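In the two complexes below, chain A is the common chain; its partner is chain B in one and chain C in the other.
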Partner chain A sequence: MSKTKIDRRNFLKVLGLGTAGAAMAGCDMPSYVTSEEGVEKVYSYLAPEEYVIPGIGVWYASTCQQCPQACGVHGRVREGRVLKLEGNPDTATNAGKICQMGQSAIQAHFHPERIQNPTIGGKDATWDDALALIKEKASNASWVTGAVSGHQRVLMDVSREAAGNGRHYAIEAVNTRAWEDASAATLGDANPNLHIDKARAVLTIGADFLGTWGNPVQAMRDYGNFRNAPRGVLMAIEPAMSMTGANADTWVAARPGSEAAVVLGVGHVLMSKHGVSAAGMPSAASAFSAMNPAKVKDLSGVSEAQLNKIADTLMANSPSLVIANASHAAAHAAQVLNLMLGNVGQTITPGASLAAGAMAPVSGSTKDLVGFAMDANAGKIGAAIITGTNPTFLAPKGLDMSAALSKIGFKVAIADFHDETTKSCDVVLPMSSPLESWGTHVPANGAAPGTVHIQQPLMENVYANTRGLGDILLSVAQGAGAEGLDGFEDYYGYLRTAVSAMIGSDMEGDWNKVLQAGFATAASAPTAFKAGGDVALGFSEPASAGTLTLITSARQGMFDGRHANLPWLQEAPDQINKTVWDTCAELHPATAAKLGVKTGDYVSINTANGAISTRVFTYKGIHPDAVNVPMGRGHTDYGTYAENGVNPLTIMDATSGDRSSTELLSSSIAATVTPTGENRYLVRSMDLAEQHGRKLVATITADQFDRNQGGA
Partner chain B sequence: MPSLLGNVFKGWADYSKANEDGGHHDYEHMYAMSIDLDKCTGCNACSTACYAENNLAWVGEEKFGARQAMNWMRVERYFDEPDVGEGSPDSLERGASFLPMMCQHCNGAPCEPVCPVAATYHTVDGLNAQIYNRCIGSRYCANNCPIRVRNFNFYDNAPTAWPAPMDQGLNPDISVRSKGVMEKCTFCVQRIRGASDKAKREGRELKDGDIVTACQQTCPTSAIQFGDLLDETSEISKAWKRQQVELGKYEQNKENPEMRGYRVYEELNIDTKVLYLERVREV
Partner chain C sequence: MSADRPQHKSFPWIRTFIGTAVIGALIVLGAQVFEQQLHPVAPGEAPAPRVPGADFPMDTFDGKDVPQPINYSHKLHAGDLGINCLYCHTYARRSKVAGIPPTAKCMGCHTVVADDKPEIQKLTAMWQKGESPAWNKVNDTPDFVHFSHERHLQKFLLNNEDMNIEDAPDVCAMCHGDMNTVGVAKKMKPLTMGFCVTCHEKNNGPADCTRCHK
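Let's look at the complex of A and B:
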C-alpha cells in the first residue's frame, strides 16, 4: 500500500496518464517481486509452479531492447535461466519474428563484461552513496538518451521537471528523422502507417527499410507478402547498396548527396511524360519542372533511361509507395510524389496517437547529438544523466565531444556496459539487462493502435548488484523530489499501478493476462491527415563528378555500434560485403583500379576531420564517386570483442548534408583515398561474387512467376 | 508391441532388402525444407538464430579466415544473375542474390559411406545425423561434401566461445561439441524430438506445424518451410508437389518448367532435401 497520501492529479501525471482521465481502480501498490508472479513470498525451487517442469522450457512474454523498435518477444525459460528469444506472434510490430540483433539479446544478457557495481570516480561504491551523490549534484540535469517511450520516458520527464527542467537530448544515429519531418510537413502526421504489402511498386531513396530503417522486421513480413503473385516491384536509388537495395528489381546508383535531385527528376518525368499533376502544389510543381533529366544526369549520374524506367514502373503499378530517408529534401519530395500518385490513403494511412501522450515514443536524431555537443561546449549543461546512447562514439571529431563532456560538471551514466562515454562519467550505475527488468514501450512503428509492450523480467539478475533501468529512474526521480512517487518501493509496484490504471482494472487476473500477452492496449485516437497544401521542394548540390566522397551506412547487426561487443553479430557477416569482425571501405572497381587497389589492400581515407585506415572491398553496387565505410566498429573502450575495425563517424561531419539536415546517415564529406601499400586477406564468409556456372541461385522472370500465380 | 522374434525377423528383412536395394530405409518420416529465394532478404536472422539454438561456437576473425568457423548455416551472396543475362560492366542493375545454405540432408549423402566409423548415417526420420561420440575426426565426410556445410572442431572452442556466465545461456537440450568432432545442421533435431515427445505425452500423432526449426521460426519474411514429406497433407509435401520436384531423381521432368522449385547440385545425384524456389526479377 502507498505510504503517503497523494494528490490525484499528480498521481495520474507520474503514471504517465496526465489528463487522459483513466478510470482508476483501487491503488494497491505491490512491493517486491519475483520474476514470475510479483508476490512477496520466495518459493523454494523444490516446490515450483505447477507448470514448471525441470527439463521443459516455459515461454514468457517480454519486449526486445536491442534496437528502438521494441518488438514483442517470447523468452524460453528453463531451470530459471532464459535461453532463447523468439518473436511474440501476437504483437503486430513483428508477428512472431525477430531479427539477428534480437536473437543476440541472450548474448548481451549473459555477457562477462557487463558492469557489475556502481562506481563513483571509477571506484566501486554502494548504491546508496551513488544515488545520494546524484541527488546532491544532479539538480537541473539534462537527460541524454537514445529513443525512449513508455513509463521510462514518463519518469525521465518527471525527474527533469522536478530537478529544474534540464533538456532532453534523444540521440540516435540510425533513425527515420528525415521521413518523420517530411511526413509531418506534408501530411500532418509524422508517423503514418506504411503498407508495403498493399503496394504494387515500392521506390526507396536511401531508406533501408529491410535493414535498419523503421521496423525492419515488420517491413520484411510485409515485403514477403508484397512478393506474392501478383508480384510487387521494388526499386532503390542510393549511393551504396543497402539490404533493401540488394533485394531490388531495379537498383540505381546516385552520387552521394544528389538523391533529392533524383526524386525531383522522377517527378519531372511523371509530370512531363505521364501527365501526372501536382495540382494545388505550384511550388512543388515548379521544382519538378526545373529538374529536367539532363540536370539530373549532371548532378547524380542517373540517366534519363533510368528515370524513365522508374517513372514507368510507378505508373504501371498502382498503388505504389515512395519512401525516402536520404535527406530531408529527398523525403519531402518523396511524400509529394506519394500525394501526386494517389498513394496517400492507400499505401500510406494515418497512424494513431496514444491518449496518454506522456508515454509516446521520443525518436532520436543526430540533430540532438549536435545540439548536445554544442550546448555542452557552450557551458550550458551543468549536469547530465546519460543512458542508452554513446555520444562519444557517435560524434564526429568536429563536434569535440570529449571537450564538451569535460565541460559538464557532473555526469551520470546508467549503463550495462562500459563504453567510450561511461569512461568520462563521474558516476556509473550498473543497469540490469533488459531481460532482467521491467518496462513498458510504445513502438514507434507498426504497432496496433494504442499498443504498449510490456517488458517483463525473464530471470533473476545475472549480476546481483545491478538494478533495472526503471528502478534506477524511479530512485533518481524520487531523489529529485518528484511529487507522487513516494509510495512506490520499486519500479514493479509503480508499473503495475500505472498499467492497472491504463487498462482500468487492478485485478490480478487482468494483470496476468497483460503479462501473458506481452502487451496492453491503452486508449488511442487515430490521427488524421491534413488536407493538401503546397510544399516547397529543394535539393542540395552534391560534390562535382569525379570527386571522392565518404559516406557511411548502417547495417543490421552492428547497427550504430551498440552491438559491436556481441561476438555472434561480429561473426554474422555484413549482408553486402560479407566481412566478419572488421570494417572495410567499399569502393567501385573502376575507382579502385584508378587508385591501384584491390580487395584486401589497406587505404588511408582522409577528410577535413581526420584519417582512418582500413581494407578495401570492391563491388559494382556503389557509385564510382563514393567510398562507403559501414558504421559500428572501431570502438576504443567497449570491451575485448569490440576492438576490431575503424569508426568512420569520427571523420564525418554531422553539420554538413543538405540545408535542413545534420543526420549522419545523410551526410557526406569530401575524402581522399590513398593506398598504404599494405595488404591482408579480408576475412569474409564469401570470397566469391559469382556462381561460376553452377545453378546455385536460379532466377526466373516476373512474367513467368505471375503467369503461374507464383506457384501457389 | 512386436515380439522379440518379430523384431529379429523384421531386422533380417530390412537387412536383406537393403542388400538388394542399395540405401533402402524404412522411413518413418522424411523431413525436408523449402526456401523461397524471392522472399529471402539475406538478413542473417536464420543463421544467428542457429547460433542461439544449437550452441554454435563463435571463433573470431583469424579462425574464421582459416575456414574454421562453426556456422551451420550461412547466407551466400552473389552479384551475378546468369539466368537474366550478363549485366552492365559499370554497375549492378538489380540487387544481389542470397542463398541460405546449410546441410541439405541428402538422401544420397556423399558424406555417409566414407565415414570409417559410421559416425554419420541416415536416421529413420530421413535426417543425415552425426554421432559426436563416435566421430574420430577423420574429416572424410567434410572432404566429400560438395556443399561444404560440415564444420570441424579444430579446437576446443567452448572456453573462448562461452566465458562464464555466457555458458548459462547454452541450450541444455543439446551438447557442446568438443575438439576433434565434426558437426553440422541437424534440422534442429532437438526440436523434432521435443515436438514428438510432446505429442506422445498428449497422446496424439505428430501433426504438421508441430516442428518448427529455429531458422524457420525467426525468418522475418517466412521464406523457410519445414515438414514431413511422408505426410501427404503437410504443407511441405504440397509445396514439393506443386513445384514438381521429386525425391530420388537427378533430373526432374517438370510438366511446367516455369515452376520455381529446384535443388542445388541435383546433377550429382545426391538427392538433397532442401527445395529452393527460384529468385524472381523484373527483366
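Let's look at the complex of A and C:
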C-alpha cells in the first residue's frame, strides 16, 4: 500500500466512486429527509390592522435620507419589517425613482454595526444620564451638521437660541454651493428651477447633474426628455470625466482650475463671432472681451476650434442651459451666459420660498468645514453637538481637525454609526435609522412649491435603545429650556401639531392623507428674479502646463464617504473607472507612460499636505495634467467594510486662495506622482474597453441612422 | 513477488475505492434506517380521502412533540368545539402563509371565556405586556421552497364545486393531517419534495421546477 499516496487524480477517483456508492444506496429507499421541527420561531401579530396580512407587503410613504436631496420613497413592509424602497411616484423631486444610494438605505438600516447604546466617555450609559450631562455642559453649544431642513432645523435653531446662540456649521463636501452663490448674485435666487428637459442644448462645467450634483434622480428624468426628439445636445467641460461628461456629445478636457477661463472664452466667442450682446452688464462684458481664445488655449489647453464648436452649438440650439459648479468664478460666468443667451425665464425659472422660513433647507458647504476647524482651533467653541456629518474624515490635514476637536471642551455626537468623529466625542447618542423615525424635509432642489416631505417610520427600532433624531433634538431643546416645547412627550406629538398647523387642519383624516401622500404642501411664495445681473467675473490661474495637479471627484455610491460602510455600494462599480471596493488614481495614458506606470501599478501621490498610495487606472477621459482620486473610501474608524481604499481629501487643500469661494470638491493642489514599484490586479467589473467584435453593444453610425431610420 | 518478474498493471487504490464506496453507502443507509421518524406509507392507518376531485398521497409522518410557550389545543378548539380552521388561520386563503392568528383574535373570546385557566392567564399576561408568544414552527419547508396556501385552498376548497367552506379541515388535512386530534401541533405529513410531487402528478399540478423553487 506504499504506493497509494493520495494525489489529486486518486482523490477525485475515490470521491467519485464514494459518491456513486452513496447515491446507489439512497436510490431504493423512500428518502424522508425532512425539514427541522421546532427550530424556527414564528410570531403572530398582536392586534394588526385589517389590511395587514402576513406574506403580503404593505407600502408606506416616507422620505429617503441617504443624501441631502430628501427624495420621497415608498417602503414595502411585510411582517413588521421594511424590505424594499422605491420612489414615491407623486413627488416632483424624484417621481417614482430612487438611486442606488436610496436602495441601500435598507442595508444601512439593518446594519449590524449600528450604535446600540448611549455612551459617556466610551462607556455605556443611560439616556437619562447622557441627556442630563448635555443639559449641564452643552450650554452655548455650536451645532455641526450636514444639510438640514424642516422641523429638525427648527428644533436645532431653538436649541441654539435657548442655549446661548452657538454657531451652526452645515458641512457637506458634495454640494451645489458655487452655483447657489452665483445664482444669488446674478438672479437674486439661490435655488432657481432648472429645466434640462426644456433646453435644446446643455453645457455643463463641472456640474455632474447625472451623478451627484443637485438631485440626480430628477435630472436623469429631465435628461431623458431632453434627449427625446428633437434630440438635445449635451456638452461638458471638466478636467476628469464625470457621469454627465460620459453621456455628453462633446466632452472637452480642461486643465484643473482653468474652467472659469473656458467659460469666459465661450462668452468671448459668443460676443465676437455671434454678436451676442452683454448689454447692461459692462463688467461681465469686459471680462469676456479680455479672455480671447489664445489666452484660453494657454490657460486651459482648450483650442479655439473647440470654443467655436461650443459657442456655435449654443447659438444653434436655443433655448440652452449653462450649468457650472467647477468653481465660484465658473458658476458666475455661466449664469451671465444664461442671461446673455436669453435662457433665464425659459430653462431657468424662479423657485419658491416657504412662508415658514425657519424650515427652509440649509445647504452645507466645505466653507463651513474650514470655518469650524479654524474657530475650534482658535478656542472659540466651548461645546459642540455633531450630527449627520463627519468633519474628521472630510478635513484635509492642513485644517488640523483632530487638534481642533480636542480644543472643544464638550462634544456630543448624535449618530447611527461610529466613525472618525464620534471616536473623539464625549457623549455618543445612538440615533434610530431614518426608516425608524419621524421627520420633515424640505427638498432644496426641484420640489413643487411649498412641498414638505414627511419622513414616517416604516418599522419598529431594530435596536431597542436607539431614538429618532427628532426625539433627541426635542429632548436637547427641552433640556436647554427652549420655549413652547413643554408638554410634547415625543417628536411625533410635536410634528403632528406642527404639520396640522401647516396644513390648517387637525383632523385625523387629513393627517392620514398627508402620511399616505408622503408630503404636505405648506404656504409658499414664488421668488422673483432681480433685474440686471451684472457681476464682476474673474478666473483663477491654473498650474502651468505639464505639471500634475491632484483633483478629487464625488461618485454616486460612496458619495462623500458616508456610504463606505455599505457593502452593496462598495460592490457597485464606480461609474467611471468601474473599480469595486477600492480607490484608484485616474491618469491619462500619456501621463502614465511618461511616469512609466500602467493600470494596477501602485503610485505615491505627494502634495504639500502629505502623501497617499494607491493603484493607477489609465484612461483618456481625463486631462493629461490631472490626477483624479475619487473621494469616499479610506476610512480608519467606520467599521469593517469601510477600511479599504485611500482618502484623497486628507492631502487636498481647503485653505488656499480665497476661502469664501473654494469648495473642496472643486479644489486642486499641485502633486507629484511616483511609482512605488508594486503592482496588483485592479479589480474592476469591466476589464476591457473594447468589444473585440462581439457586438455586446450594437452601434450604428450617425450617417447610417440618418439614411435608414428616417432621421433628419 | 520477485523484482525481475514482469508485473501486471496494478491498481493499488482499488481497495481504497471499494472501502470508501462501502462506507458511503453504509452512512446513507444507516442514516435512513435509524432515522426515528421514518414511517413508510401505511395506507391502512391513513384516513380515507375526503376531498372530492383530489387524489393525494396517504403518507404519514410521526413528528416529535415540540414544546410550545402556551399549551393550546387544536383538539379542543377545532375538534370538540368545531371551530373552522379558517376562522383563526384567516390568512391562509389570502396569502402565501397561513399565519398564526393575532393575539387580538384569541383575546376576542378569552377576555371572558375560560379566563380562570392558567394557560389563558399566561396569554393574557403577554397580551397586556404587548408581547407575542414565540411559537416553535412545526410544519416548515426549506427557504428555497415557495408554497402558497392561497393557491392550494383556491384549487381544492374555494374553486372546488363539491366543497363548502365548512369542509376546510378536510383540505387542510391533505398536508397537515387530522389536526382535530392533536394538542398544540404535530407534524403528521412528511412534506418532502416526493410528497409534493406525488400530489402534483396525481392532480395535474404544475411540474416546472421554478413554480416552487424560486
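Convention: the second predicted complex is superposed on the first by the 646 of 712 C-alpha atoms of A that agree within 3 Å, B and C clash if a C-alpha of one lies under 4 Å from a C-alpha of the other, contacts with A are read in each partner's own complex, and residues count from 1 in each chain.
Here is the rule we use: a residue touches a chain if its C-beta (ideal position, glycine included) is under 8 Å from a C-beta of that chain, and two chains touch if they have at least 3 such contacts.
Keep in mind that what you see is a predicted model, and the values were worked out from it rather than measured.
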item	value
First (chain B), second (chain C), both or neither touched by A:53	second
Touching partner for A:578 - first (chain B), second (chain C), both, neither	first
Touched partner set for A:556, first chain B, second chain C, both or neither	first
Which superposed partner A:13 touches (first chain B, second chain C, both, neither)	second
Contacts of A:547 with chain B and chain C, given as first, second, both or neither	neither
Which of chain B and chain C A:98 touches, first, second, both or neither	first
Comparison of chain B and chain C by chain A residues contacted	B
Overlap of chain C and chain B interfaces on chain A (superposed complexes)	55
Chain B residues touching chain A - in the complex, by the definition given at the top	37-39, 41-45, 47-49, 51-53, 58-62, 64-65, 69, 71, 74-84, 88-99, 161, 163-172, 214, 217-223, 242-243, 256, 258-262, 264-266, 276-283
Residue ranges of chain A in contact with chain B within the complex	55, 78-79, 81-87, 94, 96-100, 103-104, 106-107, 109-112, 210-211, 216-217, 220-221, 223-224, 227, 231, 233-234, 236, 241, 243, 245-251, 253, 313, 462, 556-557, 567-573, 575-576, 578, 580-582, 590, 619-621, 624, 644, 681, 683, 685-686, 688-691, 693-705, 707-708, 711-712
Parts of chain C lying in touch with chain A, wherever the complex brings them together	10, 12-13, 15-18, 20-29, 32, 35, 37-41, 61, 63-64, 66-67, 91, 94-97, 99-104, 127, 130-138, 140-142, 187, 190-192, 194
List of chain A residues in touch with chain C within their complex	1, 3-4, 10, 13-15, 17-22, 24-26, 29-48, 53-56
